[in-house]
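Two complexes come next, and they have one chain in common, chain A, joined by chain B in the first and chain C in the second.
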Partner chain A sequence: MFSYCTDPSTLEGFSWLSCYLTTGKHMAFYQSFGIVLVLLAITAPVALMFGFAGATAARSRIWPISLLGKSYTAIVRGVPDIAFFMFFVIALDQGFEYLRHKVKCSDWSEPVRQGNDFVVCAQAKLPLSTSPQWVHETYGFALAVLTFAIVFGAFAANVLFGAMKAVPRAQLETAEAYGMSSRQTFWRIMVPQMWVYALPGLSNLWMILIKATPLLFLLGVEDIVYWARELGATKTARFSDYPHGNWNAYYFGGLLVFYLMLTSISERVYKRLSLRLSHGQATAAGEAQRKAAT
Partner chain B sequence: MKKLIVSTAALALTASFAMAADTVRLGTEGAYAPWNFVNDAGEIDGFERELGDELCKRAELTCEWVKNEWDTIIPNLVSGNYDAIIAGMSITAERDEVIDFTQPYTPPDPSAYAAMSADVDPAAGVVAAQATTIQAAFVAEQGWTLVEFATPEETVAAVKNGEADAVLADKSFLDTMVGADGLVMLERMEAIGGGVGMGIRESDGDLRAKFDAAIQSMKDDGTLNTMIAKWEVSSQW
Partner chain C sequence: MSCVQTIQDYAFRSIGFGERLLPRDDYTLCEHFTLIGSGMIWNIYFGLIAILFGFFAATGLALAKNSSSARVRKPAEFFIYVFRGSPLFIQMFFAYAVFLSIKQSVPGFSLLTSAWLGAAIVLFLNTTAYSAEIFYGALQSIPKGDLEAADAYGITGWTRFKRIIWPSMMRLAWPAYTNEAIFLFHATALVYFSGFPVWQQRGDALYYASYFADKTFNPFIPYPILAFYFILLTLAVITIFGRIGKRLNRHLPQAVVRRPSFMRTLFR
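Moving on, here comes the complex of A and B:
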C-alpha cells in the first residue's frame, strides 16, 4: 500500500503495523465487515416479509392456507439452525440446478444421481462454471440471505401472529361498527397497532440474527470470522512477509468489540422506535405519554 | 433501455455456454502451508497453486480457484460446487469409495509428530490431528486418545497450550511449525497414506484422464521434482 512497504522485515513499530494492516488480506477482512452489514440490511426486511406472510397465512380462514402458515412456523422453528444451514442450502442449490437441468437439457440421457455424484449438464450449473468468481460469491450470498430469511421469517411469523392477536378486540369491533370491510379493518386498524406488541419480540430476533451471522462461513461466504481466524493464525517467515505467532486473541477481540457496538446501537434504536410506536396507542406506554403531554 | 440490458445479458450468457466445457474449478483449503495457503495479498498460494496452474496449462484447461473448509471438501465436490480437489489429500481406500483420484503427484511420505519435548510418547498421551484426515484415522485405529480439530492451525495450538501432548500431521506441514515456541519434532514417524492426488468426481472420467496425463508429463520431464524441491513438500519421485 505505502511506498515504504517493499521490505517489511526492515520496518518496526508503527510503520510495520501500517504496512501489515493494509495488506491485500486485511483489505479482504475489512470488506467482509461490509458483507455482514449488507447481509443484515437485506435479510431483516426479507425475513420480516416472510414473517408477515406466514402470520397472515396462519390467520387465514381458508384451511389449507392456515395449515401452510402454521406448519411453516412449526417446522422451521423446530429444526436446529445448524442442521438447517448444512442441509437446506445444498438441497436448495441442487433443487434449482435440477429444475434448470430439466428445462435446458431435456435430451440428457444419463441419470442426475450417479452413486454419490450429483451431475447436471454444464448449461444447468448455477452459476455456470465459466462465470467469474464474483458471480459465484454473489450467488452464495443470495442463498445465504434466502436461508436466513426463511429461518428468521418463521420466528418473526410467530411473533407477528401473537402481536395481531394482542390488538384489543374493542378496536376491531369499532372498525366493524363503522362499516369497514375485514380487509380494511386488517390493514387500517390491526396492522398499524400490532407493531408495538411485536417490537420486543422482533428486537430479540434482530439481536439473534446479528449473532447468527458467523454461520455465513458454513454457507461458503467468507465472513469476518473466517478472515479473523485466517489472519490470526501463526505465520512463518517462509510464507509471509509479516511473520507472527498466534494472534487469534487480538482478532477475535476486535470482533467482540464490533458485535458489542452493533448490539448497543441496535438497543438504542429499539428504545426510540418503541417510544414512537407507543404514541397514541391504547397501551400503558401510550397512556403514560398522553398523561405526560397534558 | 431495459430491454437492451436484458438482451445484452442474454447474449453474454449464451456466449459463455460455448466455452462451458473448458473451465475447471479447483477446490482447496488454503490453510496448510506449504501445500496451500492464503498469502499476504489474500490469494491462494503454495505448492498446489503452482502445480495446479501448471497442470491446467498442460491439459489446456482454464482453471479457477475456490476455497472450501476441509470438513466439507468432499461433499461439495460430489454436489458439483467445484470439479477437482487439490488440497494435499492423501489417496485412501475410504475416500476412493466416494470419489476418484488421479495418480499421485507426491510419493507416500511418513507422517510426523511434533510436541513440546522430544521424549513424549504419543501412545501414552493425548494426540491432536485434523478431523477426517489419515492421521486422525490412524490415531483412532491405534486406540490412543485423539482430539480432533477443524483446521491444522488449531491442532498445533492445542499442543502449545497443553490440551494435547503431541500433534500428528504431514511432516512438511510440521516443518513449517517446529522451532517456534519450543515445539520440536519427535523421532518416531508413521508410514501411512498412499501419496497425494487430486480428487475428482467418479462420474468425471474425462477430467481425471486429462489431469492424469498432465501429471505424467510433469513427472517425465522432471518439472514435478523441481517443484517439490522448491516447496519442500515431500520426497521426490
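Moving on, here comes the complex of A and C:
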C-alpha cells in the first residue's frame, strides 16, 4: 500500500505493522466486516416480514393456516439453530434446482437422486456453471440471508404473536364499537399499538441475530471468521512476505471486541427507541413520561 | 448387516468403543440413527458439565453483581458483559487460540486444547454469565416483605441467605433458567465446528449428521433425525426442570397456579 512496502523483510516496528495491516488480504478482511453489517441490514427486515406473516397466520381463524403458523414458530424452539443453518443451505439449494429442473428439463427421464448423487440437467444448475465468480458468491450469500430470515422469522413470529395478544382488549372493542371491520381494526388499531409491546422481545432477538452472524462461516461465505482464521494462522517465510507465528488469538480477540461494540451500540439505541415509542402510550413507561412533562 | 449388529458396532463410537471405521457406502437408516444418537453422548456430557458447575458459579456471580462494594461488583459486571455481549462461536475460537498458546508456553496444560476439557470450560463460563444475569434479575425482584420478615425474626447473614434469599431467588429465576438450560444444550452443537478438533472422528450429533449429509448429499434424512434427538433432549430438560420448579413453588397456594398443558409447555 505504502511506497516503502516493497521489501517487508527490511522493515521493523511500526512501519512493518503499517505495511502488514494494509496487504490485499487484510483489505478483504476489512471488507468482510461490511458483509456482516449488510447481512444484518437485509436479514432484520426480511425476518420481521416472515415473523409478521407467521404471527398473522397463527392468529388465523382457518385452522390449517393457524396450524401452519404455529408449527413454524414451534419447531425452531426444539432444535439448535446451527442445525437449521446447515440443513437449509443444502435443502434450499436442492429445492431451487429441483424446481428449475422440473420446469426447464421436463423431458428428462432419469431420477434426480441417483444413489449418493443429486443430478439435475445443466440448464437447471444454480448458478449456471458458465456464470462469473461474483454470481456464485452472491448466490451463496443470498442463500445464507434466506436461511437466517427463515430461522429468525420463526423467533420474530413468536414475539409478534405475543405482542398482538398484549394490545389491550378495550382498544379493539372500542374500534369495533365505532364500526370498524376486523381488517380495519387489525391494521389501524392493533398493528400501530403492538410495537411497544414487541420492542423488548425484538431487541432481544436483534442481539441474538448479531451473535449468530459468525455462523455465516459455516455456510461457506468468506466472512470475518474465515479471514481471521486465514490471516491468524502461522505464516512461514517461504509462503508469505510477512512471516509470523500463530496470531489467531489476536485476530479473534479483535472480533470479540467488534461484537462487544456492536451489542453495546445496539443496547444504547434500544434504550432511546423504547423511550420514543412509549411516548403517549397507555403503559407505565408512557405514564411516567407524561407525569415528568407536567 | 443387521440393525442389532450396527447398534453394537456404533452405539458408543463417539467415545471410542466399537467399530473404528465409519460406514463407507450404502448408508442405512439404522446407521444414521445409531451414529447420530451416539454423538448425542457428547452433547449431553457438555450440557451437564456446564450446567452443574455453572449453576454454583452463577449464584456466586449474581451475588457479586449485587454487591455494594464496587471492587466486587465491577469485575462481575465486566465478566457478564463480555460473555453476554459476544457470540459463543467467537468465544470458542478465541479460547482455542489462547489455550493453544498456553499449551505451547507452559508445560502440563496440553489437555486444554482437547474438546472434552477446553470446550467444556468455554461453555461453563458462557452459561455462568447468562445464568448469573438471570439470577441477578431474580435477586432484584425478591419481595420486599420476605426480607423485612427475615429482619423481624432476627435472621441474618448466612442463614438469611440460605433460608430466605436463595429459595426465593431460585423460585423467581426458574422459568428463565429453564430456557437458558435448553439453549445451552443447543449451543453444545457448536463445539466441533469452532476450532476444537475432532479426534479420530469422535464427534457430537451434529458432526455425524453433517458427515452423513456430506457423503449422501441428502440433508433430508440426517438433519430430521438430529432434530428428533434434540427435541427428545429438550423434552427431558423441560420435564426435569419442571419437577424442580414445582418443588420450589410447593409452599405457594396451588389453586392459583394453572399448569399449562403439556403441548403448551413444549410449543411456547
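We take it that the second predicted complex is superposed on the first by the 293 of 294 C-alpha atoms of A that agree within 3 Å, B and C clash if a C-alpha of one lies under 4 Å from a C-alpha of the other, contacts with A are read in each partner's own complex, and residues count from 1 in each chain.
We adopt the following convention: contacts are C-beta pairs under 8 Å (C-beta built on N, C-alpha and C of every residue); 3 or more make two chains touch, one makes a residue touch a chain.
Source: prediction; values computed, not measured.
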**Message:** Quick one: is A:118 in contact with chain B, with chain C, with both, or with neither? Answer first, second, both or neither.
**Reply:** both
**Request:** For A:236, select first, second, both or neither according to whether it touches chain B, chain C, the two together, or no partner.
**Result:** first
**Asked** After superposition on the shared chain, which partner residues are touched by A:255: those of chain B (first), chain C (second), both, or neither?
**Response** second
**Asked** When the two structures are overlaid on chain A, which partner does A:90 contact: first (chain B), second (chain C), both, or neither?
**Response** both
**Item:** Which superposed partner A:201 touches (first chain B, second chain C, both, neither)
**Value:** neither
**Message:** Which partner chains sit in contact with A:246 here, chain B, chain C, both or neither? Use first/second/both/neither.
**Reply:** both
**Asked** What is the contact status of A:27 with respect to chain B (first) and chain C (second): first, second, both, or neither?
**Response** first
**Asked** Which of the two partners, first being chain B and second being chain C, lies in contact with A:286: first, second, both, or neither?
**Response** neither
**Complete:** Note: overlapping chain A surface for chain B and chain C spans 90, 94, 116-118, 217, 229, 246, 248
**Complete:** Within their complex, chain B touches chain A through residues 13, 16-17, 19-21, 23-25, 30-31, 33-34, 37-43, 45-46, 62, 64, 66-69, 75-76, 78-81, 83, 98-99, 151, 153, 156-157, 160, 176-177, 180-181, 201-204
**Asked** Tell me, which parts of chain C touch chain A in their complex?
**Response** 25, 81-82, 85-91, 93-94, 96-98, 100-101, 182, 186-187, 189-190, 193, 206, 209-210, 213, 215-220, 223, 226-227, 230-231, 234, 266-268
**Request:** Could you pull out which chain A residues touch chain B in their complex?
**Result:** 23-25, 27-28, 90, 93-94, 97, 114-120, 122-123, 125, 128-131, 133, 136, 217, 220, 222, 229-230, 233-234, 236, 238-242, 245-246, 248
**Request:** State the interface residues of chain A toward chain C in the complex, per the touch definition above.
**Result:** 70-71, 73-75, 77-83, 86-87, 90-91, 94, 113, 116-118, 158, 210-215, 217-218, 225, 228-229, 232, 246, 248-249, 252-253, 255-256, 259-260, 263-264
